[in-house]
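Take a look at these structures.
There are two complexes below, and they share chain A, which is joined by chain B in the first and by chain C in the second.
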Partner chain A sequence: MRITPETKLTVFYCQNCFKEDSRILEAQMGSEVALYPIACSGRLDPLFILRAMEQGSDAVCLFVCDEGMCRYFEGNRRASKRVAYTRTLLDEIGIGGDRAFVRFLTESEKAKPVKMIAEALANARKLGPSPLKSASAKRRKK
Partner chain B sequence: MPVKYSIHPHEALPRFKPIIRSGIIAWEEGCLKCAVCVKKRCVYKVYDQRQLDGRQMLDSIDVLCKDCYRCVQGCPARLINKALSPSYSQIGDDLFTPEVIVKTWAQATTGKIPVSGAGYGGVFSGNGFDSMWTDMSEIVRPTRDGIHGREYISTGVDLGRKELYLSISRDGSCKLPSHPTVKLELPVLFKTPSFGAVKKPFFAGIAAAAKKLLTQAIIPAAMIDKTFNPYLAHVIPSLNAKTRLNPALLKKVSLVELSDHKDVMKQMAAVKKAAPKSAVIIRVALNRKSAARCLQLARAGAGILHLEGLDSGREKEPKNGRYLKDVITEVHFALVTASVRDTVRLIFSGGMAMAEHVAKSIICGADAVAADLALLVGVECMLCRGCEKGLSCPVSLEDVESGWTTQRIINLMCAWHNQLLEISGAMGIRDIRRIRGERGRAMFFEDLERQTFAALGNKIAGK
Partner chain C sequence: MITATRKSLDEIKNMIRPYTRVLVAGCGSCVAECAAGGEKEVAQLVSALSMAFKIEGGGPSLTEVTVDRQCVNIFLDELEDPTRSHDAVLSLACGAGVQALAERHADRNIFPALDTQFLGQTKSPGLWLENCLGCGQCKLFYFGAICPLGRCAKQLFNGPCGGSQNGKCETDSEKPCAWQLIIDRLDGLGALNRLEEIYEPCDWSLKQGRGPRKIEREDQQS
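What follows is the complex of A and B.
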C-alpha cells in the first residue's frame, strides 16, 4: 500500500495498555500518528474524538484493556459505549462513524504496541482522507 | 546603608497548559443527579471552567485540579476517581524528575517558593545531593523580621583571583598584582544548555535576565552578535582553543571563558593582554583527573575555574561517574590541602536542578554554580530530548520570545534566591560565602550510616 503523507491517526490509549513512553512510540511510528496516553480508557469523552477530527485527524483509534481487565472495573466498557455514541454523531454529520474505532487488547497484544498501532494506521489509510479535510480545502480554494 | 539586593517577580503565564501529577476520572454514566453535585461544590471551580485543549488534547480538569479529593470523597455514587497522569510520569529524567520539572514551571510562572504541603512522603535518602541534609539548627531563631527584614542576608560572590599574601620589596613598597574581580549578587551563573530546540531569542533572554539579576551568562562567542550589545557587561563569551580572539568584544565584557587545553595559560595571557580589565575563567571537564588539573592551573596563576559535569549531575566519566556532591568535595579539599584554595574561585555546572543544589554545592566547596537545563525547563521544556533525534518540540521552544524568557528566568531565580535566603537563615548564616566548604554544617547519609552501623558490625565480628 502506498503511504500517503496526508493520513493522520490519533490514538488514545489506556496507560495500562502500553508501557512504552508515548514519545518513543511516536518516534517509531513517524509523523502520521499522534499518541495520547490517558489514565483510563473510561476517561475518554466523546469530545476528545470530535476535537481530534476537528484538528485534522482522518481516524481516531482507542486502545482499551480486554473485557474484565480494567483497573477501574468498567472503564473499558464505558469507553466502548462512548465511542459507539460518537460514531452515531460522526455518521449524522457526514464524516463517517467508522473513523472512530475501539480495539480491545489482550495481554499478548499489549506487548506489541508498534504492531497494534501499525494495524490501526493501515485501517485509517483504507478509510482515506477525512471529508472535513476536503471541505476545508474547497473553502480555501474559493 | 547599601541598597539591598532583591528580585521582583512578575507573573509570566505559560504558553502551554502544564501537566500535573494526577488526573480526574469522572464518569457520567450512573449519575444519581443529586440536587447539589460535588462538582458544583469544587472550591477551585475546576468543573465549572472545564474545556478541552485540542492542541495538547488536555482536559482542563487535569490541569486545574489541586488534589484536594473533595469530589472523590463526596460523590455518593463513587463516580469520580483520581489516577496518576500518564503524561506526568513520562517527563524528565532521574535528576529532573517530573516533580522537579512541574515545580520549576510553577516557580518560573509566579516567582514563588514551591510548597509541597505538610509532611514528606518520599524516600529517606537518595543519590547525589539527595543524600545530604543542610543544618537547620537556627530555624527556631531566624532573623528578627523574616528573610527580607532588617538583617540582610547576602548571596553575593566575588569572581577573580586572590593573592594569599602581599610581597613587600626591600624599599618597603608593596607589590601586589591587581587581578580584576567581578561581583555577582547571586551565586548562580547562566550557561547555554547542551541541547534544546531554542533559538537566539532564548539566549538573548538569558543575557537580559543576567543583566537584571546582576549575574553573568556564559554564551558561546560565535553566537554573540549585536543583539547582545545591551547586555555585554553581563555576558561571558566562551572560547575554545581554535576561536580567534575579538579584542573589541573582549574589551566590552567583564569575564571571558576559555576551554581547557594544553596551551590554555598562553591563551589566557593573550586574552589578558587584549582586555586587561576582564577576568578569565577556564572551563575544565569534571572527571577523575579534574582535582589534579585544577591544582595545576591554580598554581600556574588561573583565577576562576569552571568545572563542567554531565547533565545527569555526575562527573564526565564513561562508567560509574561519581555524583557532583562527591567530586566538588574532592576538588575543594585537594586545593585546601595544597593551600591554594583561596587563590581561585570554583564554579560547578551540570545537574543544578533546584535551589537546594546551589546551597549544597556551596557547602561541598563550590563558590558559585552555573544553571543550564533548569533555564530550559523554566521556559516549559519537558526534557523529552526529541530535538536531539530531530523530532519537533512538543512545546515549540523555537518560538519563545526574548522578553518572556527573561521574565520566566527572573521569576525562577527569584524563587531560588528566596530559598537560598531561607536555607541561610535557618543555618544562622548572613553571607552565602560563609558556608563554602563548611561540610560540618551538613549531614551526609554515608557518614550517618557509618556512625550508626559501623560499631554494630564490629560487635558481630567480635572486634
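What follows is the complex of A and C.
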C-alpha cells in the first residue's frame, strides 16, 4: 500500500498487536487507510510519521501493546515517547500534533483489528483534511 | 563531545526563506551523538521544513547531505560542490562546524540550524550532561575526576558552599552536589588528603582573556 492524497489514515502497528496479514486488513479497510506493520513499535522513528504526513496522510495512528505487555519490554513506551516528540514537531510545522496518536491495545482489542482501525479512521475523519492538502488545493485554484 | 539543540522551526524558516535552493548539511560526529544534527535529524528537519513551507505556499527546495565532521577541513571537501550549487547552506553542525564551512565560502550564506550548548557526556540515551568548561588547566586529578568548575553551580574550588541538602544542589534539587560527589569519591579512593591543599582561582585569562585560543603543533602539520 502506498500513501496517496486519498489516504486519510496511516497506521503503523506492532506485529505482535495484530496477527492478520496487512494485505488482508488493507483490503477490508479500503483505500483510505495505509497499513505498515513493524517488528516492534520501538522501531518507530519520528521520520516515519513525518513522511506519512508529507505524502498526503491526514493522520497517523500507532497501535502498540498495552502497558507492561511489550514483548521486548520497552518498545511501546519508547514508541509513545517518540510520537509525543513528533506531535510537538507537527505543532511547530502547523499541521497539528493531534494528527499523530498512539493507541495502547488490550489483549481483547488486539483480536479486533478492523474495529480498532475503524475507530482510528473515524478519529482521522473528525480531524478533517491535513493543512497540507488545503495548501495544495489553494495553489491549484490559483 | 559538543552538544547542541535544534533552533525553533520559525527561526530556521526565517533564515532560509529568501533563498531558492538550500543545502541542509548534517554533521555525523558530536551533534549526531546528541541527536541534534546527524543524518536522521537532517531528514526530519528537511521533511518538517518542506511541509511548513508548503503550508505557507512555497519555499526553497531543500537538499540533504551529511558529512562525518564539519569542523575538520578535509571532510569539508565533500561539501565543496554541493555548497557551490546552492544559494545557501543550513548547517546542522556545532558553531565550530558552521564557521569552518563559512570560512571556505565567502560568497555563500551559511546558517546555523542548531544552538550549540556545552561540552558534555551522554549519561544515558536521551540525557546529556555538562561536565567540562574547557578551562585549559585541568585539575581533575585533585578532585577525583569530578570537575567543580563544570559541575558545581557556584564553581567553587575549595570545598562545598554549605547549601547542599541530601547530596543535592541548593540551586536545583534534581542535580547532585558536585562537592558531595568529589568528597565521596576521594573518600572511596582513600585520597581525601588532596583536598587539604588550597587551590588558587582558575586563570580565566587562559580561556577567554586573550581572545580565541589555538593549539599549534608542528609535528602534526603537513
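By our rule, the second predicted complex is superposed on the first by the 135 of 142 C-alpha atoms of A that agree within 3 Å, B and C clash if a C-alpha of one lies under 4 Å from a C-alpha of the other, contacts with A are read in each partner's own complex, and residues count from 1 in each chain.
Throughout what follows, contacts are C-beta pairs under 8 Å (C-beta built on N, C-alpha and C of every residue); 3 or more make two chains touch, one makes a residue touch a chain.
Everything numeric in this text was worked out from a predicted model, so none of it was measured.
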| item | value |
| --- | --- |
| Contacts of A:F101 with chain B and chain C, given as first, second, both or neither | neither |
| First (chain B), second (chain C), both or neither touched by A:A52 | first |
| Residue contacts with chain A in the superposition, chain B compared against chain C | B |
| Footprint overlap on chain A, comparing chain B with chain C | 45, 47, 51, 54 |
| Chain A partner contacts - residues on chain B that touch it in the complex | 22-23, 25, 27, 29, 52, 54-55, 57, 59, 81, 83-87, 90, 384, 386, 389, 391, 394 |
| Interface residues, chain A side, partner chain C - complex | 45-47, 50-51, 53-54, 89, 92-95, 131-132, 135-136, 138-139 |
| Interface residues, chain C side, partner chain A - complex | 8-10, 40, 43-44, 47-48, 50-52, 54-57 |
| In the complex, chain A residues that touch chain B | 10, 12, 15, 21-23, 26-27, 34, 36-40, 42-43, 45, 47-48, 51-52, 54-55, 72, 75, 78, 81 |
